[in-house]
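Dropping the structures in below, format is structure tokens.
Across the two complexes that follow, chain A remains constant while its partner is chain B and subsequently chain C.
What follows is the complex of A and B.
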């Protein structure tokens, strides 16, 4: 009974704060509303007995939203906590499409004859996930690791202010390098 | 709490995120919409796992979704930073080159 009540409170919280992201009039509030929505979903995942995934979702998303708030202060050129804003385009079509998608998904969820549950959850779900990742699903873990590493490199390359092409020219042959502050080893 | 209710909540989150991704002009807000869509996806995947097949391998799919979210966010921030640096642009309408 408590689980059901908690689920519904979290469900309503997740949906309302999710909607609030696009209703509140400042981006800082929007990012914190999204963080609350993620926390609600993370707690719901915990209710579904997936402790590791639920905790990871909460921790990761809270940090991500904190980064997002800092990012907005850096780049949006205004005080995002105070400045009211409404920057949308084609609101009516977007609303129609999203309501249509919701009705379609809801009809699918309610009308599909879902099969009965197969199997029972392992006694220690987190340990079972760890064993799964380190044994039969090692390839998934390896692939995700490579993708993460590539993301770090690509992110730094994109976000870096100056790259080696700025320093050494398009053919990388300019010597000495064009640096704003001369000096350093070999210059 | 049954599978249908979990999927309904997930559908609501996905649809709200879709609205944001389609309607918002600021790049960061579009990313928030995408995040909300993936949020719904996490809940739906967790519900499928618990109510249909609570096999350990199903949780691996959830981890992949979370990894996809991380990559989306990191690359989104990097692209938005590059865009801001090169053009002083923070709106999607100011970076519509590929739509022509």
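What follows is the complex of A and C.
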């Protein structure tokens, strides 16, 4: 009973705060409305007794939205992010597409003939989920994570306009390096 | 581990409140001593300040985002309350969560949201500068803090706080993983915007995040900082300081004694450490702290692997 009540409150909360992202008129409110929506989803995952996945969802999403709000407010051109502004572009098409996708997904969830439970859930549902999702590919998945992180670092390095010649001079001998931002460890 | 019924949460909140008040009084006494005034003014100052702030009229700013401002101001206290739910007091706990360490991590990340929102909500340049100073610190302290939390979990092969406490029967984790312990303590000071991490509230920006806070909002924010110090010290006890283990006294009392000792150290450190500049600390976090704590994790993982 209490699980049902919690499920519906969180489901409606997630949908409403998700919609609020497009209704509010400030970047900060939009980001944190999305964070609240994700927190509701994370709590829903806790209802599935996937404790680790649920708590990690909350952790990641709060941090992600904090970072998003920071960079949006910092880097929006002419800083309109500090002023009230509309959160939507191309309203009519976007509304039509999003309502269409929502109805499609909801119809899929409601109309699928879900199978009845066979057997009982395993003791550690999180480990079972991980194995079910990627058991034969576990090594590949672990390696892909590292490759992705390395790609991000390499991308940032390639995109930065300053090179080591800007820092250390043409013969790479200038010490300390000439940096626009002084470092904290005396370099 | 006995899970106590939910009404005991009120008792836990009361205990948190008492320790928070104690922390404020101790800070008042140390401030009074440093200023050369009578110790008694330091003792009564926090009480008088609470009474004053509760009666003070709220300051209003133009076009403030009141909703987010209030959420941010009250948030730190909520974080502290959520953290102590997973801290076992001797053999009792409110919430025997199997992923308690991740729970703490999820709660400490909320500081990013709440401190920045407090700075944002007032629609004041000074407080927004304070909010960004906190986030600059955050970019430097958060990853080392996360990897510091990994070390005890790896050593105990569990994310459950009570199991981690039980794994330290012979030797405290603080003793053989000192880097992780020190980085954890730094993280607690940082989420409480305390001591070296107080530039976000510094006088050079008219109080930074707190510049426009007044009345009850100010009380909740400042009280929330002390409460976070208490919650951080309490969480360190099962993670690094052996939980309730100790001679003579019962386990719950040892937990309190260790919490108080660490809390006193946190309060005392405020006047002993220089403020870290947000722009310079970034490099310290990524070039020094992160590799150090990763090496600590590697060492701990190696030892844990050798034992099993």
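FYI, the second predicted complex is superposed on the first by the 126 of 187 C-alpha atoms of A that agree within 3 Å, B and C clash if a C-alpha of one lies under 4 Å from a C-alpha of the other, contacts with A are read in each partner's own complex, and residues count from 1 in each chain.
Note that in this section a residue touches a chain if its C-beta (ideal position, glycine included) is under 8 Å from a C-beta of that chain, and two chains touch if they have at least 3 such contacts.
Everything numeric in this text was worked out from a predicted model, so none of it was measured.
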Between chain B and chain C, more extensive residue contact with chain A: B
Using the touch definition from the top, say if A:149 reaches chain B (first), chain C (second), both or neither. neither
In the superposed arrangement, which partner chain does A:119 touch: chain B (first), chain C (second), both, or neither? first
So in the superposed three-chain picture, is A:48 touching just chain B, just chain C, both, or none of them (first/second/both/neither)? first
Between chain B (first) and chain C (second), which, if any, makes contact with A:56: first, second, both or neither? both
Please indicate which partner A:26 is in contact with in the superposed arrangement: first for chain B, second for chain C, both, or neither. second
Contacts for A:172 in the overlay, against chain B (first) and chain C (second): which applies, first, second, both or neither? neither
With both complexes overlaid on chain A, does A:70 touch chain B (first), chain C (second), both or neither? second
Set intersection of chain A contacts, chain C complex versus chain B complex: 52, 56, 67
Residue ranges of chain B touching chain A (in the complex, touch as defined): 1, 3-20, 22-26, 28-29, 31-33, 35-36, 39, 42-43, 46-47, 49-57, 59-60, 62-64, 66-67, 69-71, 73-75, 77-82, 84-85, 90-91, 93
Taking the complex as given, what residues does chain A use to touch chain C? 26, 28-29, 32, 35, 51-52, 55-56, 58-59, 62-63, 65-67, 69-70, 73-74, 181-185, 187
Chain C residues touching chain A in their complex are 65, 67-68, 97-99, 102-103, 105-106, 109-110, 112-113, 116-117, 120, 132, 135, 138, 142, 159, 277, 279-284, 287-288
For chain A, which residues count as touching chain B in their complex? 3-4, 7, 11, 14-15, 18-19, 21-22, 27, 30-31, 34, 37-38, 41, 44-45, 47-50, 52-54, 56-57, 60-61, 64, 67-68, 71-72, 75-77, 87-91, 93-95, 97-99, 101-102, 105-106, 108-110, 114-115, 117-122, 125, 128-129, 131-133, 136-137, 140, 144, 147-148, 151-152, 154-159, 161
